[in-house]
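In what comes next, chain A is part of two complexes: it sits with chain B in the first one and with chain C in the second one.
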Partner chain A sequence: MDWLFLQKYTPMYIEAAGLTLRIAAIGILLSFAVGLVCSVVQQLKIPVLRQIVGGYIELSRNTPLLVQLFFLYFGFPRLGIMISSELCGIIGLAFLGGSYMAEAFRSGIDSIEQTQIESGLSIGLSKMQLIRYIVLPQAVSVSVPAFCANIIFLIKETSVFSAVALADLMYVAKDLIGLYYNTNEALLLLVIAYLVLLLPISVVSTIIERRLRHARFGN
Partner chain B sequence: MAELRCGILSDVLLEIKHLKKSFGDTEVLRDLSLDVHTGEVIVVIGPSGCGKSTFLRCLNGLEKVQGGEIRLKGNLITGSKTDWQKVRQQIGMVFQSYDLFPNMTVLQNLTLGPVKVQKRSREEAAETARKLLARVGLAEKENAFPRELSGGQKQRAAIVRALILNPEIILFDEVTAALDPEMVREVLDVILELAKSGSTMVIVTHEMQFARAVADRVVFIDGGEIVETSPPEEFFTNPKTERARKFLNMFQFDKRKEEP
Partner chain C sequence: MPDSGINILFEGTNFLRLLGGLWVTVRISVVSVLLSILFGIIVGMIMTVRNPVTKALTRVYLDFVRIMPQLVLLFIVYFGVTTAFNVNLSGEVSAVIVFTFWGTAEMGDLVRGALLSVPKHQYESGEAIGLSGLQIYRYIIIPQTVRRLIPLAINLTTRMIKTTSLVTLIGVIEVLKVGQQIIETSRFTYPSASLWIYAIVFFLYFLVCYPISRLAKGLEKKWQN
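Moving on to the complex of A and B:
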């Protein structure tokens, strides 16, 4: 084990971890927004939009992120649209994550009893008010475990960003291996870096899930 | 025009004419006509699956009707342009499964409609809610979540949730059917008190003693049509129709013969 190597290149990993986290955070926030919009469209059964959302979800869930990124990074410039690596990563993550988040929202919405909806209607709530005050708050609490799993999944998916020349953790590790052949050290740092990023999220999500179970709604 | 308990003639509040409702090929309501007068308490009884719950649900637009018409204070509400949001504020409904919103406290459950739908001030809504809660014996429970209440308490809160919108008429759909026997009374007492204070109500129930006590008129539905409409005393002691008699007999038990 080359301790000097570890010492010397740890700062590079930290920097790359920062970039990974930043892009993941933006991408995941966007994927929540995309997922929410999609699930509302599906819930309200808005014609046309609903079919588009259905098509998007199938496309997004059944193609690998790497393919989606290549499409953005190499395909769009051919149409005259240049996209930076970072933007590519963010859009790609939002595109992939949006469908998973939509499904997570849907599982929560499906868990709501029809009688809750009817009670809401019977006091004169509009469809949007029904969604805002009754459906979403209840759905979100049911969806939290799925949200947490998706967040961790999406952060791990960022490891393919190196393919579009984004200097994330994976990219740094591959770079160092190519330059110095210190495979063991470079990969060890990579594993540690991902664990440092993901373990806290995993622990926090377990705590949140447990709390929700305790405070579970029950009519 | 109809004669009420107190003998005063009053206006028709809800006018139901030749109502038809079917689910697919199954006809649930064949041809149902009924006038509900202001201040009147109508109790709807009938065997399971006779269409009485569907009838109530048609009255506030939870089910679309296939024929006939419903008028509220003379205004047609079965047309395609009906603003159900508006109508539902005037026709309140309480359900069997006391569906308070589990993500809100009792007070929030009650003020949601007044504040968000009727744009009343939060203070006024909360104050009214407290008064009504006290009236149904739940003064201490305004900050409780539904999961902390018993079935009977939840149902009483649900009644207040309908009441606080100042509806012209309240529909009760088997509101005690899901309750433990010892909690039925507390809910029925609240409804009885409302009836005494002059609220107009249509009540679907299986509680025959209660029906007898609360009703101005009993409407007996069987097979999707009104078979008999009578004052409660007459209906329960001397029903006009054979079908009503048969139905009422189901609630009677012959005494077990003693062995010689």
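Moving on to the complex of A and C:
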């Protein structure tokens, strides 16, 4: 183990981790938005939009992020649309994450008892009010464990961004291996970096999950 | 001209080559899935054992696999393990090792969940009518577990197929890499090749994964009660 190497290149990893986190944060926020819109469209059964959303969810869930990114990054310029690698990562993450978030929302909505909706209707709430005051608050609390899992999943998925020339953690590790052949040290730092990024999120999500289990109705 | 680019598919054996690449992808995932199911059942049964040591070990294993991106694991095996132990692993073998390592943990957790979802009185009823531990598993627990497990295992398969796209980054010639090769060779004859080829690769993945995930959904609904 070359300690000097670790010392010298740790700042590079920290910088790359910052980039990974920043893009992941934007991508995850966008995917929440996409997921919410999709699940509202599906729940309200808006005719044409509903089919489009259904198609999008199947497309995005059944293809790998790497292929989506390649299509965006190498394919789209042929249509005259140039996309920077950073933007490409964000769009890719939102495209992939949107469908996963939509499914998480849906699982929450599905968990709501029919009586809740009927009660809402019987006191004269409109469809929008029903969603706003009865469905969403309950659905979100049930969906949170799925959200946490998705957040971890999406941050993990950012590791393929190096393939579209984004200088993330993977990219730095690959670079250092190529330059200095310090494979062990470069990989060790890589593993530590991902542990530092994801372990806290994983622990927090376990705690939240445990709390929500007690808060759920009927248990 | 984007509208003539589709012809690249019919140039030479391009389409067949892409399908050949897809086969490599599918082969890696099928082998890994089968191995993962095999080991996952064992690990899952170990996970249900009430022993603090095995519990902690399997917990660490599962959490590590859940947290580490698969690409990192691929790098560790393909670049790290090979240099550390001075062995030579091909990209495909490394991929199978990594996906089995990952799949075993995920599958183990699914098996654990399915085993625990069988109500306790099922075990107790089995004991009450005098079945041995093995018989309880053979006649009561496993048949119920399998029904819960199969749709989830199929879902894991689609996840694995999607994740195999990463192996192109450790130098395995699969569908994405073949696509890149075709794009490179036709740089001048078909400038819009990258758009078409990546779109086709995209749909090839979809064509493989979509029926499988539909199957999983169908089975899940059918066996819900």
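Assume the second predicted complex is superposed on the first by the 216 of 219 C-alpha atoms of A that agree within 3 Å, B and C clash if a C-alpha of one lies under 4 Å from a C-alpha of the other, contacts with A are read in each partner's own complex, and residues count from 1 in each chain.
Throughout what follows, a residue touches a chain if its C-beta (ideal position, glycine included) is under 8 Å from a C-beta of that chain, and two chains touch if they have at least 3 such contacts.
Because the structure is a prediction, the values reported are computed rather than measured.
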- Task: Give one of first, second, both or neither to describe whether A:A163 is in contact with chain B, with chain C, with both, or with none.
- Result: second
- Query: Between chain B (first) and chain C (second), which, if any, makes contact with A:Q129: first, second, both or neither?
  - Reply: first
- Touching A:L195, do we find chain B (first), chain C (second), both, or neither? second
- Item | If touched residues of chain A are counted for chain B and for chain C, the larger one | C
- First, second, both or neither for A:E113, with chain B first and chain C second: first
- Message: Quick check for you: in the superposed arrangement, does A:P64 touch first (chain B), second (chain C), both or neither?
- Response: second
- Mind working out whether A:C148 is in touch with chain B, chain C, both or neither, as first, second, both or neither? neither
- Query: Counting only touches as set out at the top, which of chain B and chain C does A:L121 meet: first, second, both, neither?
  - Reply: first
- Message: Which stretch or stretches of chain B touch chain A in the complex?
- Response: 60-62, 84-86, 88-89, 92-93, 95, 97-104, 112-113, 116-118, 145-147, 154, 158, 161-162, 165
- Contact set on chain A toward chain C in their complex: 58-59, 61-64, 66-68, 70-71, 74-79, 152, 156-160, 162-163, 170, 173-174, 177, 183-184, 187, 190-191, 194-195, 198-199, 202
- Within the complex, chain B is touched by chain A residues 113, 115-116, 118-126, 129, 133-134, 137-138, 141, 216-219
- The residues of chain C that touch chain A in their complex are 2, 5, 63, 66-72, 75-76, 79-80, 83-84, 158, 162-166, 168-169, 176, 183, 191-192, 194-196, 198-199, 201-202, 205-206, 209-210, 213
